[in-house]
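Before any comments, here is the structure.
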Amino acid sequence: MGYARFLIGKTISYVLALFAAVSLLYVGIYPSLQRVIEGSADEAASEFQRNLVKSHTGLTLPQIAAAVATFKSNYLAAFGFNQPYPVKFGLQMLNLFEFHLGSAYNLQAPDGSKQVADLIIAYLPNTVVLFTTGTLLVVAVGAILGLLAAKSAGGKFDKSIPIIAVIHSSIPAFWIGFLLIAYFAYTLNWLPSGGISSIDVAAGVLPHFTDFLWHLTLPLLSFFIVSVGGFAYVVRSLVISTMGEDFVTTARARGMTDRRLIFKHVLRTASPGIATQSILAVAGSFGGAITLEVVFRWPGLGFLTFAAIQISDLPVILGTTFILTIILFLGLYIGEIAYGFLDPRIKTGD
Amino acid sequence: MPAGSTEAGPGVVLRAQDVRVYFSKKGFLEKGTVVKAVDGVTLSVRRGEILALVGESGSGKTTLGRAAIGLVRPSSGTIILNDGAEQEVGRARGRQWKALRKRLQMIFQDPFSSIDPNMRVYDALRIPLAAQGVRRREDVRARISDVMKRVGLPEQIINNYVFQLSGGQRQRIGIARVLIFDPVLVVADEPVSMLDASLKGDILHIIQNESRTNNVAFLFITHDMAVARVIADRIAVMYLGQVDEIGAAEATVLDPLHPYTKAMLQASPVIDTSLKDKIKKVNIIGELPQSTAHPSGCKFHPRCPYAMDVCKEQVPALKEVKPEHYVACWLY
Amino acid sequence: METTRTERSYAREFLKSRSGVAGLAILIILLATSIYVVAGIPSSLNTKWENSKAWEGNPQAAPPVWVNYLGVDAPQTLDVNLDKFTGTSGSSSAYSSTQTFTWNNDVPPSNLVLTPNFGGAAYELDVIWTKPDGNVVQIALSFPTSGTEYDIHTAAVSQSLTKYIQSQTGTFVTVVTPNGELAALFSNDGPRLLNNSVQKGTYSVTLQILGDQTLSPSSSQVSLVGDSYGTMGTDSYGRPIDLGVLAGLPWALELGTIASVLSVVGGILWGGLAGFYGGWRDKVMSWGTLVILAVPGISFIIALSFSVQLSLLVEALVIAALSWPGFAIIARTVTLSIRSQTYIEADRAMGISSTRTFLTHVLPRLTPVTIAFTALSVSGVIIFAETLAFLGIEPGNVITWGGILNEAITADSSLHGWWWWTLFPGIMILVASLPFVLIGFAVDRIVAPRVSAK
Amino acid sequence: MTSLLEAKGLKIYYATPRGDVRAAEEVDLQVGSQEIVGLAGESGSGKSTLALGMMRLITSPGRIAGGEVLFEGTDILTIPEERFRKDYRWSKMAMVFQGSMNGFTPVFTIGAQIDEVMKIHGRDGGELAVRKLLQMVDLDDSIARRYPHELSGGQKQRAFIAMALALEPKMLFADEPTTALDVVTQVSVINLLKRLKNDMGISILFITHDLALLSEVVDTAYIMYAGRVVETGPADVVFNRPRHPYSQGLLAATPTLQSREIKGIPGFMPDLARPSDMCSFSARCQFVMDRCTVERPGLKRTDGEDVACWLY
C-alpha cells in the first residue's frame, strides 16, 4: 500500500521531469530543429512533386507548383510553423514524443530506410544490450568488491580500492578501449577489434550468438574497468558507515558469522543507498558507454551519433539525443523504484 | 472557562488559553492524518516561577513548550505574554516576532547538538547578541563575562572551540546563551536528562538561582517526576496533548489526584532495596495509543483502572479540587 | 569527545597524506608547463595544426625517436645545412657549397627534402651526392625556385635517381618507388643496388647553383627525413604528437577549472539551500536536480553544438550547467543532517536570521566538501571535454587530446600499429586528471562527510 | 554460592593516538546463578565496556589487555572465536543493549530475526517458537510480521528481550535496557527481568547509571568509577549505607521522589589515558587525605562489603 503510493508519486514526478528535460533539450536545439523540419518538408515536397509528375494526373505545371506549395505548408503546419510559439512548442514536442523524427540527410538503416526512427530502431538494441549488461556487471561486482573491502577495512585489499577508484576517475572510457584493442586484438590476437558479429544468423543461431558474445567481451570489459572502481568505492563507504550502526554490534552478539552479518544484514540494510548510488553511476557512465561504441565500432546509438557527427547529419543527431534522454531517464527511474522496493520504511508506508 | 486561566493576575507573565497545535501529516495522494500534539491546553506561568511540565514522550509537552515561546504556531487558542504590556505570542510575525526572541528563550536537551561544535565559545555567545543589535565590543565583552560568571564557567575557555568542552560545560554555555538576553521566560526542554548524575545538581542550581534572584520564569519540561519535584514550584502533568493535573510541586508528588499522575509516580524509581524480589504494580493498562488515534472522552480512559461510562464520552475539564490544585478527571 | 577539526588541522592532515602531496606536486608541474606553453608556443600553432601542408617536412606516422634505444632502427631526421657558398657572380654565375654528414643507420631515411635558397632566378640546380665508397649520384633540377621544397616525389629528382639506378644495375627500370630511390642514395653500389645494405660512413653533399644573373645563395638545406620524430612521434600528417600534447594542456586545465568551479559551487549551493529550506522549496529544487540529472550531457552538448558556436567559455558554461546535480544531491544530504541538529532551531529561538544561520553553520560544513569535489570534478570535466573532442565536438581553432585521438581512430591507428598516436594523448589526459583526483580523494578522506545516500 | 560468571583482573584498553585509554582496569566481578547483579557508574566509568568485554565483542581499536573471564569455570577468553560464537555467544550468554531500540536490522521483520537467531544456532525456530517467545514478553503475535521501525521503543526493547531468550541462555547482560523508555514502560521491562530471574533462573548483569532504579532490582551492586570497581556488596548495604565517598555523592546526586534537593559532584573524571598511582577519585573527594594522592587503595572487605578507600 505504502509502496504503491510511493510508486505513483515517483512516477508522476519522473514523468514531469522527463517532460522538463526534453523541453530543455528542445530549447537547446531549437534553431537546428527548425532547420531539420524545414529540410524534411522540402524533401517531402519534392517527393510529392515527383509522384505527381509520375502519375500523369494531367495537371499543368503551375497547378503542380501550387499543389506542392500547399503540401509543403500543410507539412510545416503540422509542426506548428506560422503559429505562436506555445502552439509550435506543443506540436513539435508532440511530434518528438510520437517519434516523428524526420529523415536523415545521408545515413541509412540496414534496410535502406532513411527515417531517423528506423535508424534508431536498428541501432538501439545494441546499445541497450551493452549498457544494461555493463551496468548489471558493474553493480554486482562493484557491490561485492566494496563489501569485501569494507569487511577488511584497512587491509591490503581495502587499500587497493581507492587506487581502482582513482583509475576510474582519471581515465576516459574510450582510451581504455584503445589500449585493450591494441593489446587483446592486435598484439595477442585473442579478441576481435570491433564490430558486433562476423557470423550471419543464417549460419545458425548458436554460432551467431557465441560470436556476438565474443565481440561483446572487449567493450564490456572496457566499460567494466572504467566504472567498477568508483562504484566499489562508494559501496565501501556506504557499508563502512552502516557497519558503525548499533544493529551490527547486536547482530554480532547474537553469534552471527561475519560473512552472514555482512552479506545479509549489512548489505541488505545498505541496499537502498546502493540503489541510489547505482542511479548516479548510471548517469555518470552513460557518456563513457557512448564513446566505447565508437572505439569498438559497436553499432549502437553512440556509434550512430558519431557517424552522424562526422557527416553533420543533423536529424540523426537530434533523434539520438532525444532517445538517449529517454533511455537514461528510464535507467534513473528503475533505480528509484528499486530504492523504494528495498527500503521497508517505504514498503510499509511510513 | 476551565480553571487555571483564572489566575490572570499581575504575577502572570505568560498565559496559554485553550491552545491547540495540530500537525497534519499530509502525503501525496493521501488523506491527511492529523497529529494532535497539543489539544486544548490552558495554563499560566508566573513571574520568576518554575513550572514543570511532566509527561511521557508523545504527551505534547515539548510542542507546548515551543508554542509557548512562539517557535511553533498554535492551530488555535491564544498565548499572551504579559511583560508590562500584553502581547500575543502565537500570532507575532516579522519584527515583532524577532523582538520576542529576547524575552522568550529556550534551553535544549542535548548539549552536544544544540551548540555548533565548530564555533568558538566567544562566537557562540556573541552571535545571538549581534542578532539582537548588541554589537559594541565593550558591551559584548561585559555581557559575556557577566553571563559566564552566572553559569559558573571559567573565563579562560572563551577562546576554546565548543567541541573541546565537556557535556556539562556545553550545557552551561547553552544556558548562558539564553540568559545573556535577560529573558522573561525560558523553556527548558529536559536540560539535565542527558547529563551524568554528578552534573545534574549544578545545572539545576543555576536554573533555580536565576528564577529566584533574577525573576526569570521557567517552563521546565521533563519526563522525570523526581527532577520535577526537586526543581519546580508547580507541576503540570500532560497526557496526549492535555494537562490532566496542575498544582504545587510538593502536593502533586505527595498527594496526586489524577490516576495517570498516580501511575507515573508509582512507576518512578526510588531508593528501596526491599523491592528487589517484588513485581512492581503500576495502576495503568496497556500502552500509549498511536499519535494519530486519540480516544474519545477523557483521553486516559482506555488505560485507566477507574474508568466509568462518562469518561468514554465526555472530556473532563480542569477543576480546582484543592486550593491551587487542579485536576481534569470525572472522579472529582 | 567529538572529533571536530579546524582549518589548520585540515591543512596539516592534507600534508600528511602522501597521495595528496603527490597530486599537488604533479599539479605544480602541470601549471608550470602550461605557463611555458602559453608563453613559449605561438598561438598561430592552432591554425598551423589544421594545415596539413605545413607538416610535410616531418616523417609521417613516425614513432618517437627513443624507440631507437629499444632496438628499433628508426633514423631521426638529419638536416644538412649548406650556407657557405663560394663561386662567381655576374652574368654567368655559379655557386657551390659542400657539407659532409655521417650516416650510421641500417636503413635509409624516409624522405629527402631539398630546400635551396638563392634569391633570384637560377637556371639549374645540381646536387652532387658522394657516397662513402666514392661513387657519385647527381640530381639535376632545371629552373628551380628559391625557397621551395623539393623532395623525393619531385619528378626531376625521381628521374635523376632512376638514371643512376639504371647505371648501376644495368637494367632498364620504369617505375621506382620512393623507397627504391632513397635506397639508391644510400645502398652499396652494384647490380643489386636496390637490395644491398646501407653504406655507413661519411657522405658529402654539394649544392651547385647556376644562373645568368647575380644570385645571393644563403642557408639552403638538404633534409634527410627520418623514420622517427620527437619524443612522441608524429601522426599521419607528420604533425608532432608531443607538440599537440603540450598545446592541449592549457586548454584542458582552463576548461576543467572554470567548469568545475562553476558546477560544484552552483551544485553545492543549490543542494545546500534545498536541504536548508526544506518543505516545498526542497521538493521543487530536488525535482529540478532530477531534471538536469536526466539530461545525457554528452549527447546534449553534441546536439547543442549544431545550434551554438562553441568557445572555451561557452563549453565550460554548458558543461557546468549539466554536471552540478551530483554535487547538489550530496550537499543536500549533508545539509539535511546539519538541519536536524538542534543548534539550527536554537538559532531560530534566539532570533538569528536564517541567512546568518546558513552562513555560520551550513556553509562552513560544506566548504571542505566543496574543495574536495572541485578537485575531483576538474578531472571529470577534463575527461568529459576530451570525450566530446574525441567525438568531434570542440571549439574551432584549439588543439585537444581528444581531437588528436579522434584523428587517430579515423586513421585506424591501432590497425597500423601506430601506438604512439593514441598512447600519449591518452596518457596526457590521465596525467592532467590525476593530480586533481589525488588531491580530491585526499581532501575527501580528511573531511569524510560519510554521506550515506538519501 | 558458586558463581556462574566471574571476571578476574579484567583489563580492557582502547588504543588512541594519546596512548591506551584504560576503560576497564583490574576488574573483579562475580555473578552467581539466579542472581541479578547491578553495575552502576557514570558515562566513562567503563561499565558498558565491561559487558562487551565479557561477551568478547570488543572490536579494534579496543582490546582485552589482561585478566580472565570464567563462565561455569571455563576461561572463555582463551577458547577459539568460532567455538565461542557457536557454544557461548547468545546460547549461554545473551545481551540486551542500551541501543536495543536500534538493535534489530532495520530491513527484516522482527519474526524473521528471532527465527534467524535460532536457526544459526541449530535450533528449529519456526513461527510457533517465535510466537511463544513474544508471548513471554507480553507482545502480540502480530509483532512478528512487523518491521522494527513500526514498533514503539518499549515494544522493540521487549521484542529484543524475547530474542535474547530464544536460546534459553543462563546469563543475560542488560546494558541500560530502559534508558530510552518512559517510566511506565520501564516498569514493565524491569518486571520482566525479575520474572526471568525468578521463573527461569536466569542470571542478569544489570548495568545502569540510575541508582534508584538499580536499588529496586539487584541482589548485589558494583559501583564503578574511572574504569575500576570502587565499592561492591549486597544491595541493601551499598544503597542504604554507602561507604565510598563517590557512592555517597552519586546517591546524593540521584533525583528520586524522596529527594527535595540533589547535589552535584564537582570536578571531572581523570584522563583514562594517563594512569597514575593516586586514587582516581581523590581530585573530587571531600575527604581526601595525603595518602590518597600517592597510593591507590585496593578493594578491602569491611562490614559485609568491599570498598576501595583509605577511609576504611
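We just call them A, B, C and D in the order they show up, numbering each chain from 1.
Keep in mind that, in the parts below, a residue touches a chain if its C-beta (ideal position, glycine included) is under 8 Å from a C-beta of that chain, and two chains touch if they have at least 3 such contacts.
Quantities reported herein were computed from a predicted structural model and do not represent experimental measurements.
The count of contacting C-beta pairs peaks for the chain pair A-C.
Averaging Cα coordinates per chain and for the whole protein, the chain whose average falls nearest the overall one is A.
With each centre defined as the average position of its C-alpha atoms, the distance from subunit C to subunit D rounds to 68 Å. With centres defined as mean CA coordinates, subunit D is found 32 Å away from subunit B.
One inter-chain figure worth recording: subunit A and subunit D are separated by 56 Å, centre to centre, where each centre is the mean of the chain's CA atoms. Subunit C has its Cα centroid 70 Å from the Cα centroid of subunit B.
For subunit B, residues touching at least two other chains, in rising order: 166.
Contact residues of subunit A toward subunit D in the complex are 245-247, 249-257, 260, 265, 268-269, 271, 342-345, 347-348, 350. Note for the complex: subunit D touches subunit B at residues 36, 42-43, 152-155, 182-187, 190-191, 194-195, 198, 209-213, 215-219, 235-236, 239-240, 249-251, 253-266, 268. On the side of subunit D, the complex with subunit A involves touching residues 52, 55, 57, 85-86, 89-91, 94-95, 97, 99-108, 117, 120-121, 147, 149-150, 160, 163.
Across the complex, subunit B meets subunit D through its residues 56-57, 166, 196-205, 223-227, 229-230, 253, 263-280, 282, 284, 287-288.
Every residue of subunit A that touches subunit C in the complex is listed here, in rising order: 13-14, 16-18, 20-21, 24-25, 28-32, 162, 165-166, 169-175, 178-179, 181-182, 185-186, 193, 237-238, 240-242, 270, 272-274, 276-277, 280, 283-284, 286-288, 290-291, 294-295, 305-306, 309-310, 312, 314, 317-318, 320-321, 324-325, 327-329, 332, 339.
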